[in-house]
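Encoded as structure tokens, here's the structure I'll be asking about.
A, B, C and D label the chains in the order they appear, each numbered from 1.
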Amino acid sequence: MDLGLDLCGLRLEHPILNGSGTFDAIAARRAFGDELDARLPFSLYVSKTITPEPRAGNPAPRLYETPAGMVNSIGLPNKGLAGFLDDDLPRLAALPVPLCVSVMAPSRDGFGVLVERVAGRVEVAALELNVSCPNVHSGLIVGERPAETLALLGSLRPLTDKPLIVKLTPNCADPAAVARAAEEGGADAVSLINTLRATALEPRTLAPWLGAGSGGLSGPAIRSLALDQVRRVAAEVSIPVVGMGGIESGADALAMLSVGASAVAVGTASFRDPLAAERVRSELAAALDLRGLSGLPVAGLVSTSS
Amino acid sequence: MTERVLAPFGRRRCEVVANRASGGYRIVSALDREGPEPRPGQFYMLATDRWGGPGGRPYLPRAFSVAEVERAGEGVRLDFLLEAVGPGTEALAALREGEALAITGPLGRPFSALGELAPTAAGAILVGGGIGIAPLALLRRELAARGVAQRVLLGFRDRRHAGGLELFACSPAGSPGGRAPRMSSEVRTASEDGHTGHQGYVTDLLAVLLEGDEAAGAAVYACGPPAMLEAVRGLCAAGEVPAELAMEAPMACGFGSCFGCAVPLRGGGYLRLCVDGPVVGADRIETALVAGSGH
Amino acid sequence: MDLGLDLCGLRLEHPILNGSGTFDAIAARRAFGDELDARLPFSLYVSKTITPEPRAGNPAPRLYETPAGMVNSIGLPNKGLAGFLDDDLPRLAALPVPLCVSVMAPSRDGFGVLVERVAGRVEVAALELNVSCPNVHSGLIVGERPAETLALLGSLRPLTDKPLIVKLTPNCADPAAVARAAEEGGADAVSLINTLRATALEPRTLAPWLGAGSGGLSGPAIRSLALDQVRRVAAEVSIPVVGMGGIESGADALAMLSVGASAVAVGTASFRDPLAAERVRSELAAALDLRGLSGLPVAGLVSTSS
Amino acid sequence: MTERVLAPFGRRRCEVVANRASGGYRIVSALDREGPEPRPGQFYMLATDRWGGPGGRPYLPRAFSVAEVERAGEGVRLDFLLEAVGPGTEALAALREGEALAITGPLGRPFSALGELAPTAAGAILVGGGIGIAPLALLRRELAARGVAQRVLLGFRDRRHAGGLELFACSPAGSPGGRAPRMSSEVRTASEDGHTGHQGYVTDLLAVLLEGDEAAGAAVYACGPPAMLEAVRGLCAAGEVPAELAMEAPMACGFGSCFGCAVPLRGGGYLRLCVDGPVVGADRIETALVAGSGH
């Protein structure tokens, strides 16, 4: 079974990536040693989102467990652009797979600096643009608005030839419209879904549980919703789609691929089992085999129109 | 620094070989055929096949310190001391012999050797509160094996929230007649309801010790609820006694990937307790009162 | 413990309602007999949504179970306005609690006819406007757009003095903006959340599982998301808010009330246990008692600002 | 029409009093202290405390026909015949004696008395396929008690997908030595793999019967997989034999509230199988091939 694919010009061994912010390879190396590199279960490693300036992240608690899922309010702790390039990039570059760096900035200019500096590094194969942050100028969340997304791409696209993947927010009425804007603006791919806005209360005091007040829901609880958004987006764009949201098994990954995703990311499931993605990949291979397929793509395998 | 033992990458299944009550707690033992021997203070992420449940929780694995380790023919027997306080610990407490336990670990930074924590210290003071006595059991055995003089102070809320003493006993546990385990002279207890030892806080015992002669040559290892750890931190800071605290924080992953287990550092920023801890130098942190940690 | 409250002029015994379409009292009477009326666990009975014309509903299958939830594509089967008024209304009027009738139409005029005819019946205490249907004129889903919602209320508000409750859709970037529009248009209350768009595939064929192609996600899986939307909406309107989404226990209901809901609806949980709402109510009473409260409201009990 | 027995409002907990293998199936028995005696063809919504599970399913209760009923001192013993095909049936199959079973029921429309279904019929033909034989066991006992002549035709896919025959046996089930249950002459079996009775479909047996003399004076009660029911429907329509089918459809609630269990009616529209069925007149429906129903 050859699960290899081409994702916006990158040759990947198989279609299983990690969701940004759900697998820290540098920390995992401290826990698992060399085995981390030997068995890294992702074909493209996506970094946690970095920002222009260092961020400490949100106050504790940052996690709340929900039925079949979790809410997080991590708050993008990172060393900032300079710290990332100096400390983290060399260590991530040592991973045995290509590297995609996720970036976010509160302004178009900030995004521009990130893209220019990060894309300028040979260790970086692709960039993911996390557009779920409120824009300081417009006050709007870029990823909720097609026009804002188009404008952002308009200023970033000229800065690099490397693949730009736009990570869409699910907290909007029509993610496909935003995806179309990203495509129009020259994005090489879109990825979705990010977490869904959610709130948890401390059961006794009824005060907000999360230090930041509210957070984002992920995990199997949102899988059917993610599948829906990926299906709608894939139907409306011709650039590749990276599908994620609650993926835990090969069957889940196959469903994502069959509604039009080109690749699939494993997020929260890695928290339960750091090698969850390896199992997802091998179950996927077995499922394709069972169907008499020798590889990707699988989209169009069956009619999935509504 | 005492090296952490690395975990095999990925989650593995172990067989539960025993599950017995110990006072208000339970001791769950599993045979790990694939993993290494952990160091005192390290922990494992645990889950069972009954995860989920009618309310849909627990979804994430749960962190547990290893309380006792024994080489068994085909692997390592890991003992976990736990208190059923919610869906995860209840599912673990209900495990039967022969059932499977899913584990990832050993994880995290272990306790430092005495010479590393306090090069000139003559002995160690171990301070445990409630279920937090778990990692101290393994630490005590290791320190004893190295010939380190020690005092062990264990505190409990009340009879229902107490147990695990046999892990600190000289006489074998589970001796017939249900007699209380015989404690070596170095172990002293405290309880808020007075059912065992000193009536009051375990930190009362620590305060007395630190006022006495022993303070000068001692270092403290502590594990327990946030308020206890904060009191230990205060006493040690005041007495300029080197101390390491084994802390708790809400954890989703245990291997540094979720950034959920943030503990505020003195001077700003956070550490990730699962990889930078769970054992941290008392002087590194801002407070031991970590929001969201249990009990 | 007196759980009584006033909800837009209706005196209710307690704050636990049913979600529209999740408890059919007429069918339940066939299954449970007189005990249904004797122990009806809701203080206000909300009918399944009715439409101007009869609808058979969507093709089977209509249900898909997901982790801690379910996806449905029922498709609003109902007897139509005339059938409802003739057959169902008399039987619902026999229930021991006030009646709220949920209505939906594909056009403003259609809504107008429904509101006029239904509100004209003395058996009806209140109306719920289900605005999640695409408008045939604009092609837009009314409930996704503040302006559409405002315009709809503008034409319906003059038709009746009875309470109009607007049921908001969660499939939009800013439900609070729609809620504000509903309030401005003269709505007496808003209720939320309705189900979230979701897709399920047949595991073997990978064809869409649901006869209608896709459906709506409900149940505990979406509880933290519902709590978030209710909190945001309650913070921005001064009319009462009926909170729902994954409510299964008194603790869940208390959380909804504490973020600003005036009443709470039980939906999917009734499928697991037809008397789930009774347990929710008694657990809620016990929880208030434990906190030394003698009744409602509980909002403002603690600070829940983010 | 034979009246449905009403269910107590709400879900209640029963104690599991037995759980035994029966061929490839299991028979789970629970003692219902609060409910009435159900009628043949009625069903219950079942769930256990292990609902949920690591994958988060089952969330909803599951529908099961009652296969046998016995007044026990303090209540009614309900027997369910089930095949483990997914998370819900697996959790039910794993129940142990003494554990709790959550039930709502009896629900739905039962089989009609013979005189109601076919006023002139001299006897009944019961046709069961696979796990669908469950409700026929209770129906057969009731018809026998009323002195109705009957033929029982039971079909199975293969040895692994077969069981429950003892519910139709004359000799008491579970007789020592594990001997096959002794069937009364009125019971005939078929199997696709030939491991029991006629090699082929159970509807082959029905076709033969309906071609013979008995057709004129008979009525058919059937339960089984959609394809079998559709074949029965075709045969009975062709032979103008009155028939009732106990059908399946995906159910969330079982009491008419979710509208999930839609079965297309002849001439348009749908019925709700949980309240308008699960037993429906074969002439009322468009097809027995209901989308989304199991196996």
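One rule holds for everything that comes next: a residue touches a chain if its C-beta (ideal position, glycine included) is under 8 Å from a C-beta of that chain, and two chains touch if they have at least 3 such contacts.
Computed from a predicted structure; not experimentally measured.
J.: Compute the centre of every chain as the mean of its C-alpha atoms, then state which one is farthest from the centre of chain B.
T.: D
J.: Rounded to a whole Å, what is the gap between the Cα centroids of chain B and chain C?
T.: About 48 Å, centre to centre.
J.: Counting in whole Å, what is the centre-to-centre distance of chain B and chain D, each centre being its mean C-alpha position?
T.: The computed centroid separation for chain B versus chain D comes out at 54 Å.
J.: Taking each chain's centre as the mean position of its Cα atoms, how many Å separate chain A from chain B?
T.: Centre separation, chain A to chain B: 36 Å.
J.: Tell me, which residues of chain D touch at least two other chains?
T.: Only 47, 52, 55-56, 59 qualify.
J.: Could you check chain C for residues that touch two or more other chains and list them?
T.: Residues 66-69, 219-221 of chain C each touch two or more of the other chains.
J.: Line, ring, star, complete or other: which one describes how these chains touch?
T.: Per interface graph, the chains form a complete graph.
J.: Which residues of chain A touch chain D in the complex?
T.: 67-68, 220-221, 248
J.: Could you please specify the touching residues of chain D with respect to chain A in the complex?
T.: Residues 55-56.
J.: Flag every residue of chain D that touches chain C in the complex, lowest number first.
T.: Interface residues on chain D, with respect to chain C: 4, 6-11, 47, 52, 55-61, 102, 104, 107, 249-260, 262-264, 268-270, 272, 275, 290-292.
J.: Within their complex, state which residues of chain A touch chain B.
T.: Chain A residues touching chain B: 21-24, 26-28, 30-33, 35-36, 39, 48, 56-63, 65-70, 72, 74, 77, 209, 211, 219-221, 268, 270-275, 278.
J.: Where on chain B does chain D make contact in their complex?
T.: Where chain B meets chain D, its residues are 47, 49-56, 59.
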